[in-house]
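Multiple structures are listed underneath, in structure tokens.
Next come two complexes built around subunit A: one with subunit B, the other with subunit C.
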Partner chain A sequence: MRNIIFKELKELSRDGRFKSAVVISCILLLLALITGVNQYKKSNQQLTESVSKERAIWETQGAKNPHSAAHYGTYAFKPKFALSLLDYGVTKYTGNSIFLEAHNRNEASFSEATDQTSLARFGTLSINFVLIYLFPLIIILIGYNSYTKELENKTLTMLKSQGVSSVKLILGKWFATIIPIFILTIFTFLVIGVVLSNVHDLAFFSWSSLMTLLGSYLVYYLIISTITVLVSLLSKSSGTSLVSTLLIWILFSFITPKVATNFANEAHPYPSKSEFNAAVAEDKKNGLDGHNPWNEAAQKLESETLEEYGVDKISELPFNYSGYRMQKGEEHEAQIYKKHYDILNEIAIKQNKVYGSLSFLSPFISLRFLSMDVSNTSDKLHWKFTNAAEKYRLQKQEFLNYDIKDNSKYGERGYTMTEKKFKQLPRFNFTPPTNLEIIKENTQNILFLCLWLFLPFVGLLIFSKNK
Partner chain B sequence: MITTNNITKKYGDFTAINDLSFNVNEGEILCLLGANGAGKSTIINILLNFTLPTLGTAEINNLDVIKNPIKTKEFLTYIPENLMLYPTLSAVENLDYFTKLSNKTFDQQQLQNYLSKAGLEKAAHNNRVNTFSKGMRQKVGIALAIAKESKVLLLDEPTSGLDPKSSNEFISLLKKMKDDGVAILMATHDLFRAKEVSTHIGIMRSGILENYSSTSELTLKQLETIYLDIMNFKNVS
Partner chain C sequence: MFLNNLSHEIKLLLRSQWLLVLFISTTILFAFAAFNGNKNVEKRLNDISKVTEGLQIQDSTMLSTLTKIEKGEAVDGPSWRLPSDPMTIGYRHPRLAIMNPNEFSFIATGQSDMYTHFKSPTVYGNNFALDYSEMINPVQLLFGNFDLAFVIIYILPLLIISFTFNILSKEKELGTLRLLSAQPLSMINWLLQKTGIRFLIFNLISIVSLLFVIAFFSPNSFGDGFSMFGLVALLSAYNLFWFVLSCVINIKVNNSAKNALTLIGLWLIIVLVLPASINQIGNSLYPVPSRLKMINEIRLIKKENAESQNKIMDEYLRNHPELAQQSDKNNFGFWHNYFASEKVMEEKTKPILVEYEGQLKKQQDLISLFKYLSPAILVQQSLNNFAGTSEKHYNDYKKQVFEFSDKWRNYLAPMLFKNQKFTIKNYNEMPMFNYKNRIKNNIWLSSIILVFTSAFVFFLFNSKRLKNKSAQEFID
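For the complex of A and B:
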């Protein structure tokens, strides 16, 4: 088999089409890497500046009433993850910062897409684009005629007369299809790894995540290689094989993902922005259960608190009731937001499930989910970020409200919190899941990829035995 | 060395070969003559185990070709009517590849020697074979047989389409291989070449071996008469 592999590789090295495709892909990769790194550095610098500027504004706002400060608000910024350089995922559309203020849970804003012109609709060059669309095309270019050329050139007869078994021949061709793309991919990832390692202020870069991504892409290329060689084995001519493999590539990369999006949206539609706001307003007005609005709940809270402390008036309480009530009010509203954002999250999860379940039509879907998750650029990660930001918002509100509660008197006007105290507010800190956690979360995608590899490979062995 | 025992091959109702038996020993060349569809290529395909016989057995070097499909191929080299090689590889590289597939490894010098023995000019050794004529490609095939030390050579219309010079060169090579003890089975239409090179001649018609003679017992004229007679062209002759 080694001889077959070497011969195939030697022929390939003399194939002008292959050499051109590799050169073009390498140039595109280089361009994507250069622009990606520059973009990353720029975005990361903006982020770092924004984080420190926002914090400085917060810390130097001077003595101020804590509730005014709560309304004045701060921002929670999503880190610019290192591997987003490789796979942008949904980051262009999800926004990278959330305004944190009293009484309101806001959505992330300042997405890259909103900062770009309509030209952005045509897409941008990224490393991921080359990896998921162009590399499979190179595989097709290498392997579409791997078997049919032996038929067409009539060299198959010579091979068979030398006693070469069909299985050995096909496996040799399979390896010869895989090896060039493996070398190219491993080299690409090593270059990316070295470049990333040398970028300053890199957020959450780990070689293990990069290697997981590499592994995922290699498995995907194995699948494409296996299918390409299998189609060549089953085709009567190279032309038929090429057209068939390209159709499969189109089905995998374009048709199925788009159909899956339509299915997911149809099966679990997202409410419009106005519907969502109306539902939140309704619950704010009438309470979570529809008949227990905050003003009634606030009255109940007051009587319960008075009873608990054995006093008749709130002015007799050992703390400033206003701060306490504001905090409880915040928690009440937070529950309403939680309810509605949980509904949205649930819809997103269901949509992703529908989308993911169509992986049986295309391994591309599993790869995309896995790649975005490992790169921390997925919708799932964005939800984790927004939930973390909301948790921090509540923590911040509690910090401010309890300052009023503990340090001011009921009815006291003009109370201010010192600048020093503002500095004590913990910073927002978002840590993404570990690589291992991501792998566990993606068990289904990994299984789908393994299945996609296993079945065509078995097909390859069975059909080659019959040749 | 090459033995067929009562081979019959049927495709549905059509009988391609009917009860065919022959033997080709070391240092013998059997030329199978016959019109298209006579069954000449079918018998070669059976010996290569590309086609299974309906009845009977075929042996190469006393090994049943069906029971030992890989082993029997170690002893033989097959040169089809139009021997095709890998166009982007040179003659040396093609030879290197095919010999390695037969589990034999040679250095560059040895490979070039084999090509020279097969009559391929040295200047062509490292040229890509996409520039080669049919005759040159067949010389690479012969070089393979020499390198493999094949005991059996199966040839299917090897001289068809060759110019006279190439044809003569090829026939000379076959004679040399015969003298070296190789058993050769050659399917051909070419009576003149068959008479020139063979030790035995078999004339086939509709899958039946109508005549089997020692070449030395026949003159070319006699051979032509027998051939045409069998082919039902008596009146023409």
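For the complex of A and C:
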């Protein structure tokens, strides 16, 4: 088998098409890396500046009534993650900042894509673009005629006459298809790792995440290699084998994901923004689930508070009830938002499940989701960020409302919070899930990838035995 | 010779059942894509009808309240919320600015999946910086839709490649080329005729399937014959480009497997690598201006504004003496102050926005220049323009909404300052939004460019062959 592998690799090293494909891919990788690092640095710098400027605006707003400050609001910015340089995921389709104000939960607004031309819809040249679209093509180029060429050159009979077992022959071809792409991929990841380690201000970089990505891509390449060799084994000519594997590649990478989009949208449509806002407004007016609107809940809160403190009037309470009531009102509204955002999240999960279930047609989908998740550029991560921002908004509201509650008198007009106090508001901090947590969340994707590897491999063994 | 060639080709294709396979596959692909595109348009129309219904219900309540007020009957609610107050109308009853799809919107989803198609600009507020993005799962935007534009741009070239990759090389590999070369005919003419015949057949099949599918899903589209003809021209020109490319490769490479690989490589470059690289390099060289920076600048102005709130009203009235005379300066209510402060805010932030929009337009114009580098980009942009779903359409829609919000404000604001009541008469005569498609689709220009590109590619690589009619070069 070793001889077969060496012979195949030697042949490959003489193949001009293989060499040019590798050179083109490497140039594109380099281009993606250079432009990616530049863009990362630039946008990271913009982000750092915006975060500090926004904080400065908040801290220097001067003495002000806390509720005015709550309306004036502040922004939560999504950090740039190190591996976003490798896989842009959905980042350009989601906004990076959320305006945090009183009474309203806002969406992350102004995504990059809405400012770009429709050219962006073709995709962006990133490292992931080369890894996920072009590397499989190199595999196809290496392996499409691995078996058929022996048929066409009539060398198969010669090989058999020398007593080479079919399984060993096919496994040799399989290894010879994998080895070059493995070397190329490992080298690429090493370069990325070294470059990333030397970029300053890199947030949340971990070698373990990078290695997880490497592992995922290698498994994907194993799948593509196995399918390519299997198709070659089953084809009568190199032409048929090439056309079939290319068809499979197109089905995997373009057709299935797009068809999944239409299925997902049809089965679980998102509401329009105005529909969503109308539903929130309706609940704000009539209360959560049509009962317990805030004016009723507020009356209940008042009587309960008076009872708890054993007083008859609000003015007799040891704190300013207005601040307390405002905070409870904010929490009440937050519940309404939570309900509606949970519904939205549920739809997104269902839509993603449609994609997941179509993974049986394309391992590309599993890899795409896994890669985005590990790189912290997925929609899941965006949901985590928006939830963290909402949590912080409530924390900020509490900070401001409880200042009214604790430091002003009931019915007091013109109360202001000092500028110094504004500085005490904790900063927004968002930590992404750990690599292990991400892997756990992606069990299904990993399982699909393993199945996609296992089944064609078994097929390869069975069919090679029969040859 | 041509007739001989034609009948021979048709016979060959019919016997191999290629024509049937081609017709069925293009029709299925087109039909599925058109079905999806139609669903998207349906969702858009459904969303629009929901908001329109909502507005109608709200309006009928508002009108009945207005009728009561005009008749002098008692009405519920605080006075500042009554619809007779022009600001209540301006804030609580904004008009809908709807962008309806056109008849061809189902062809290309374009940017329509990420933008909203209705906005309600209020009399004041951040109308100049409204967010037009629609709620959508970003994964959907990442993967994109299986629409007619996708089939035309990505899949048709692949069908053309599989239909033509071995036109010449097959004859060579079967040994029939030597026989052919012994005939008294020019090989290059023979090849051109063969490719031409295949182009005509393929084009006819793709046009018929497309028209068939459009007739099924959107029969109204045929009302605009000129546009429909433009679409057919674009499709034909794009098909022609791929046929020319295949013909060149057939002559230059002349080996079936190598032809196929080279053509697939070219497909990959034109459809995938070039657009993605242009996008990445373009955005690196001419980055989109930073929204974050703009947000910061606007926030700083807001902060300054808040600090000088009291001066604003005086300044505002100094600039608008016609409004000041009409009202009692000492009795300005909340709206007057708010209105004035928003106006100042808008005037101060306008330069930042104008600068931002200017930078963005410059960047988008620069990027769109690159469309001429790849026929796939050219066709994508043309189809989006044709379907009314390009970024130009959405930019123009934003502009139209902004122009409308100006009109709407200029109608209501003077009423506030002159202490006039809003009446049913006002309701009937107030400005309404009417979206106009002001973007030229340039589909004919794109078709002509594609034809010229094809001719350029053809003559660039074949000029020598055209002069030298010897068959020997094809056989070697």
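The criterion applied here is as follows: the second predicted complex is superposed on the first by the 464 of 467 C-alpha atoms of A that agree within 3 Å, B and C clash if a C-alpha of one lies under 4 Å from a C-alpha of the other, contacts with A are read in each partner's own complex, and residues count from 1 in each chain.
Keep in mind that, in the parts below, contacts are C-beta pairs under 8 Å (C-beta built on N, C-alpha and C of every residue); 3 or more make two chains touch, one makes a residue touch a chain.
Since the structure is predicted, the reported quantities are computational estimates derived from the model, not experimental observations.
More residues of subunit A lie in contact with C than with the other chain of the pair subunit B and subunit C. In the superposed model, A:31 lies in contact with subunit C only, and not with subunit B. In the superposition on chain A, A:96 contacts subunit C only, with no contact to subunit B.
After overlaying the two complexes on the shared chain, residue contacts for A:163 are found with subunit B alone; subunit C is out of touch.
Contact with neither subunit B nor subunit C is seen for A:330 once the two complexes are overlaid on the shared chain.
Look at A:238: by the touch rule set out above, it reaches subunit C but stays clear of subunit B. When the two complexes are overlaid on their common chain A, residue A:155 makes contact with subunit B while staying clear of subunit C. When the two complexes are overlaid on their common chain A, residue A:373 makes contact with neither subunit B nor subunit C.
Subunit C makes touch with subunit A in their complex at residues 36, 39-40, 43, 47, 50-51, 54, 110-111, 114-116, 118, 120, 131-146, 150, 154, 158, 162, 256-257, 260-261, 264-265, 268, 271-273, 275-284, 287-288, 290-293, 295-296, 299-300, 302-303, 306-307, 360, 364, 367-368, 370-371, 376-377, 380-381, 384, 390-391. Within the complex formed with subunit C, the residues of subunit A that make contact are 17, 21, 28, 31-32, 35, 38-39, 42, 46-47, 49-50, 53-54, 57, 60-62, 72, 75, 77, 89-90, 93-97, 107, 109-126, 129, 133-134, 137, 141, 145, 238-239, 242-243, 246, 250, 254-255, 257-262, 264-266, 269-276, 278, 344, 347-348, 351-352, 355, 379, 382. Of all residues in subunit A, those touching subunit B in their complex are 3-4, 7, 10-11, 14-15, 153-155, 157-165.
Against subunit A, in their complex, subunit B makes its touches with residues 48, 50, 69-74, 76-78, 80, 82-89, 93, 97-98, 100-102, 154.
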